[in-house]
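Next come the structures, one after another.
Note that chain A is present in both complexes that follow, paired respectively with chain B and with chain C.
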Partner chain A sequence: MKSEKLRIALKNRKFKVGVAIIVFFALFALIGPLVTPFDQLGYYPVKLHKMLLLKRSTPNLPPMSHDVIYAPGREINVTHYLGTDSFGRDLYAQVVYGLRNSLIVGLIGGGIATFVGLTIGFLAGYRGGWTDEILMMITNIMLVIPTMALLIIIAAYMSTRGVIIESIIIGLTAWPWTARAIRAQTLSLKNREFVHLAKLAGLSDLKIIIGEILPNITSYVFMVFILQFGGAILAAIGLDFIGLGPTRGISLGIILQNAVLWNAINLGYWWWAIPPGLIIALFITGLYFVNIGLEEVFNPRLRRE
Partner chain B sequence: MSELLKVEHLTKIFTSGFIGGFEIRAVDDVSFTIKKGEIVSLVGESGSGKTTIGKLILRLIQPTSGRILFEGKDILQMSKKELRENYYRQVQAVFQDPFASFNPLHPVDRAFDLISESYLTDVSRDERKELVRDALRQIGLNPDEVLGKFPHQLSGGQLQRILIARALLLKPKLLIADEIVSMLDASTRIDVLNLLGDFRDKYGTSVLFVTHDLALGYYISDTTIIMYRGTIVEMGDTEKVFQNPLHPYTRMLLESVPDLNVKWEFKGIEPEKEEGTVYSLQGCRYAPRCPRATRLCFVRRPELIEFEKNHWVACHFYY
Partner chain C sequence: MLSGIRRYLIRKTFVYVLTFFSAVTIDWLIPRLMPGNPISIMMSRFASLPEASKYMYSYFMESFGLDKPLWVQYINFWKAVLHGDLGISTYMYPKPVADIIKDALPYDIAILLPAITLSWIVGNWLGAIAGKNKKLDSFLMPVFYFLTASPYFWFAIVLAYILGAKLDLLPISGAYSYGIMPSLSLEFIVDFLKHWILPFLSLFLVMLGGWAIGMRNMIIYEVEADYVRYLEALGASEKTLMKHAFRNAILPQVTGLALQLGTMVAGALTTEIVFSYPGIGYILMQGILNQDYFLIQGCFLVIVISVLVANFIIDLLYAVIDPRVRFSFTEGE
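== the complex of A and B ==
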C-alpha cells in the first residue's frame, strides 16, 4: 500500500516539480556554503597570528565581478557570484547561509508546531469532556491573539536571539489551527467501531491513538507539516525583516531588511534584494506544489489518471 | 441458571451543548438480567436505545444513572485498568458494520494480534497462531484464505465471521452482538446466527443479541426484550412474547413482519408523528401512536408487571 502511494506520487507532475525545487534548494543550502571562502556575514576571514581579521571587498559590486582582497603580505583574488552589498560583503555567502538558517527554522519551527498541534488535538479529541474544554479554550485564546504581535513582544524581550530560539518561538505560536483540525478528525475516528474493538482488546488510550487513529490521518499530518514548514519560514522572514530576527547570524529576511534599510533598490543594487526574495518565493512555491500534489495522491477523487 | 449480568434502573441522557441544549433520554430506567448461557435478544426500532444499552454494558459510554452488575460486581465502579485486565477478558462484542470494525490500514490478523497480546500472554507465539487458525476453522473459514489479507479484500460475511472468531478466541462469558447480521446477505445470516448458537452450547457463552429484526430474534433467543424509545415495553420467554404478544407495540411489530405467503395490504399502522417530543412525554411513550391509548396513558408511565410467569409487560391495560 505504501509503494502504491509512492507510485501514484511519482506519476504526479505537481508533486515531482515541487520535490525537485525543494531538493534543489536543500542541496544548495547544504553544498553552497562549501564553495565560498567568505563567512556567513559575507566577510573574508584572514588569520593573522592568533587574530582573525574580517576583510571586506569593494562595495556595491554587481554579480560575477572579480575583486582583490588585500591581506597582510598577500593579495587574494575572489569572485563575487552575487556581487557585494554597500559594505563590501559577499552576497552569495549571505544568501546560502541565510537559506540554510531559513530551512533550519522551517524544520524546527514547523516540527514543533506539528508536534504540539498533534498532541493537543489528539488529547482533546480523544479524551473529550473537561480535557477537551480546557485545551480548546487555550487553543482558541492562542488563535485570537495576533501571532505576529506575540512574536514581536517575545522577540523584543530577548537580548540575544539565535536561529534555534527563533524557531522555537515560532513553533510554539503556530500550532492552534493544527490542533483544531486534528481534534476534529480524532472526534470522528474515535467513534469508529475498530476503535471500540481496540478498547475491548484492552489497549491503552495511548496505544489506540498511536496504533489506530494516527495511521488513518498520516496523509493529513504530512500535509500539515509541509504547510507548517512553509509557514515557519515565512514567519521567521517576517520577524527578520522588521529587525527582530537572530541577533547573531544571517537569514534571508535579514538580507532583505538590510537591502531595504540601505535603499538598495532605489540605488540600483538589485542583486542585493532580488536573489533572497526570489529564493523565498521559489522555495515556498515548491512546498505548495508538493502539498497540492500530495492532496491528489491521498484523495482519489482529485486524481486525474 | 444463575445470573451473569444484571442491569438495574439504567438511564442514559444525551445532552447537546452546555447552555440551552436539549436532552434525549436514550435509555430510560431499564432493568433486566442475563443468565449464564442464555441468549437474550434486544429488539427495537432505530432510536429505541438498544445499541446504547450494548455500549453501556461495554463501558464505551458512561450511563447517567443506574447500575450494571457483572457477576455481582458493579462495572461502573471499575477502574480503567480493571476493565482492561479483567472485564474485557470476559465480555466481548461484535458490531454491526464489519467494514468499520477493521482498521483499513492493517491486515485482518491485527484483530487477533491485539487481543492475544493483551489476554493470551501465557501462550507462546506458535500456539497463538494455532489458536487463531483453529478459531477460524470453527467458524467455517479457511485460515490460509483470510489471514494476511486487508479488510477491503474480503467480503462482509467473511469479515463478520472473523470478528466473531476474534471475540470467541477468548471464550468470553458474555458476548454483545450488536446487529451483527444486518449488513450481511440473507443467505449468510443464518450461518452466522447458528455460529452464535453453537458457541453458546459449547462454551456456555451468554449472548445479548441486539436486533431490529423480530424473525432473527425469534430464531435464536431464549428471552426477548422489546424496547420502544428507551423503555422496555415487553419482555419474557421468547415463545411467550411471540405467541402471546401483550403490548400494542409488540403486536404492531409482529403484524408488520412481511409474510412470504401474503401480498401487501394496508392494515392501518399509524406512522410516527411526533419525533422529538416523545422523549419528554410524561406517560407511556407509545401513547401517541397507540390505537388504544386513554388519558391515563398520557399522564402516567406504566410499570413493568409480570403478566404471567416470565412474561412482563408495561401497559396500563394489564394492571
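== the complex of A and C ==
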C-alpha cells in the first residue's frame, strides 16, 4: 500500500516539481555559504594580528560585479554574485545565510505549531466533554486574534531576540487551525471499530491516540506540517520586515527592511529588494506543490491528469 | 427561524466578548511579563527635556500605577481602555495614541476593504473558471499559487519597482503629494487615488491567489458530487450544473474570509510600510523603531478589535446565506 502511494506520488508532476524546488533551495541554504568569503552580514572578515577587521566593498554594485578589497598588505579580488547594498555589504552572503535562518524558523516554528495543534486536537476530539469545550474555546479565541498582532506585541517587549526564540513564539501562536482540523479528523475516527477494540483491550488513552488514531492520519499530519512550515517562514519574514526580527544576525526580512528603509526601490537597486522575496515566494510555491501533489495522491477525486 | 439565528449569534458573541477580554488582558500582561524595563527605555528619550520627562514620569506612575497591587493596575488598565485612553505616544509626544490611531485608521480601511471584497469576488470567479476548464487551469494554477506564496510586502516591492520606479507610472510614497492639502477638490481626489492604486493592487493580487485556489478546489469536488451527476443525468445544461456547484462551493469561501482576515490585515500592515502609506502598519513600524510601547500596544488593540468586528459581520452574513445554520440552531426546540 505504502509503495503504491509512493509510486503514484512519483508520477505526479506537481509533486515532482515541488520536491525539486524544495531540494534545490535546501541545498542552496546548506552549501551556498561555503562558496562565499563574506560573513552573514556581508562583510569581508580580515584577520590582523588578533583583531578581526570587517571590510566593506564599493556600495551599490549590481550582480556579478568584481571588486577589490584592500586589506593591510594585500589586495583581494572578490565577486559579488548578487551585488552589494548601500553599505558595500555583499548581498549573496546575506541572502544565503538569511535563507538558512528562514528554513530553521520554518522547521522549528512549523514543527512546534504542528505538535501543539496535534496534541490539542487529539485531546479535544478524543476526550470530548468539558476538555473539548475548554480547549476549543481557547482555540477559537486564538483563531480570531490575528497571529501577527500577537507576535508583534510579544516580540516588541523582548530586548534580545534570536532565531530560535522567534521560531518558538511563531510556533506557539500558529497552532489553532491545526488543532481544529485534527480534532475533526479525530472525531471521525474515534467511533470506528478498531478504536473500540483497543478500548476493550484496556489500552490507555495515550496509547490509543498514538497507536490507533495517529497512524491513520499520518499523511494528513504531514500535509499540515508542510503548510505550517510555509506559514512560519512567511510569519517570520513579515515580523523581521517590520523590525522585530533577530536582534543579531541576518534574515531575508531584515534585508528587505533595509532595502525599503534605504530607498533601494526608488534608486533602482533591484538586486537588493527583489531576490530575497523571490526566493521565499518560489520556495513556498514548491511547498504548496508538494501539498497538492500529495492531496491528489491520497484523494483520487482531485486528480486531473 | 429567527430564534435559530439569534442562538447562533449569542454563541458567537460570547466567543467574541471572551476574545476581546483576552486581548485586553494580553495587552496588559505582556509588558509586565517580559524582562527589562520599557519605562526606562521610553524615559531615556526625554533625557534632554526635563520638563517633558517630569510630566511623562508622573503620567507613567499614574497610568501604570506600578506602586499599586497588580489587580488595581489591571482594573485601571480596563478603565483606561474603555474610556478610549491608550496612553501618550513618546515618539510623537505629546500626542495621545488614540488620536494617532484615529488619524491612521481611515487609510487602512481605504485599502483593505476594497482589496478584500474585490479580490474575493474576482478570485472566486477566476477559481471557478479554472475549476471547470482544465486547459486554463494548468496555466492559471501555478500563477495563483505563486501569488499566494508571495509575502504581501515583497509583492508590493516588485510592483513599486516596476510600475513606480522603472516605468514611472504611479507614485510609490505616501497617501498624497507633499504640496497638496487634503480637501474635497478634484485635484486632491485624483492625487489620492494615484497614491492608492499600488498599495491596493498589491494586496488585491496576493489575496486573489488564495481565493482562486480555494474556489478551484471546491468546484472540482462539487462537480464530482452525486447531485451534480444526477442533474447531468437529467439532462440539465452545463450552466445549471455550474450554478449549483458554485452555490455550494461559495459557502466555505465565506468561512475562509473570516479565517484569513488576520493574515490579510497583517499583509496590509507590511504593505503600508513599503509605500510609506500612513495607516496603522506605518505607524506601528515607527513605534517599533522608536520603542514607543504605548503606540505598539494601542495598535495591537485596534487591530484585534477591528478583526473581531469584521469577523462578527461575516458571521452575520453567513447565517443569512447558509440555511443550515438557522436549522441547526433551531433543532433543539
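Going forward, the second predicted complex is superposed on the first by the 303 of 305 C-alpha atoms of A that agree within 3 Å, B and C clash if a C-alpha of one lies under 4 Å from a C-alpha of the other, contacts with A are read in each partner's own complex, and residues count from 1 in each chain.
One rule holds in what follows: contacts are C-beta pairs under 8 Å (C-beta built on N, C-alpha and C of every residue); 3 or more make two chains touch, one makes a residue touch a chain.
Computed from a prediction, not measured in an experiment: that's the story for all the values here.
Colleague: In the superposed arrangement, does A:237 touch chain B (first), chain C (second), both or neither?
Modeller: second
Colleague: A:172 contacts which: chain B (first), chain C (second), both, neither?
Modeller: neither
Colleague: Which partner chains sit in contact with A:140 here, chain B, chain C, both or neither? Use first/second/both/neither.
Modeller: second
Colleague: Compare chain B and chain C by how many residues of chain A each one touches, and report the one with more.
Modeller: C
Colleague: Applying the document's definition of touch, where does A:187 land relative to chain B and chain C: first, second, both, or neither?
Modeller: neither
Colleague: Counting only touches as set out at the top, which of chain B and chain C does A:46 meet: first, second, both, neither?
Modeller: neither
Colleague: Touching A:216, do we find chain B (first), chain C (second), both, or neither?
Modeller: first
Colleague: Going by the contact rule set out at the top, does A:202 touch chain B (first), chain C (second), both, or neither?
Modeller: Only chain B; A:202 stays clear of chain C.
Colleague: Under the touch definition given earlier, write down the residues of chain A that touch chain B in their complex.
Modeller: Within the complex, chain A touches chain B at residues 1, 192-194, 196-204, 212, 215-216.
Colleague: Across the complex, what residues on chain B touch chain A?
Modeller: 55, 58, 60, 84-85, 88-89, 91-93, 95-97, 100-106, 111, 114-115, 118-119, 150, 163, 166
Colleague: For a test of understanding, state which residues of chain A touch chain C in their complex under the given definition.
Modeller: For chain A paired with chain C, touching residues are 137, 140-141, 143-150, 152-154, 156-159, 177, 230, 234, 237-238, 241-244, 256, 259-260, 265-268, 270, 273-274, 276-278, 280-285, 287-289, 292, 301-302, 304.
Colleague: Considering the complex alone, what residue numbers of chain C touch chain A?
Modeller: These residues of chain C touch chain A: 15-16, 18-19, 22-23, 26-27, 30-31, 33-36, 38, 134, 137, 142, 145-146, 148-155, 157-158, 160-161, 164-166, 172-173, 217, 220-221, 224, 259, 261-263, 265-267, 269-270, 273-274, 281, 284-285, 288-289, 293, 296-297, 299-300, 303-304, 307-308, 311.
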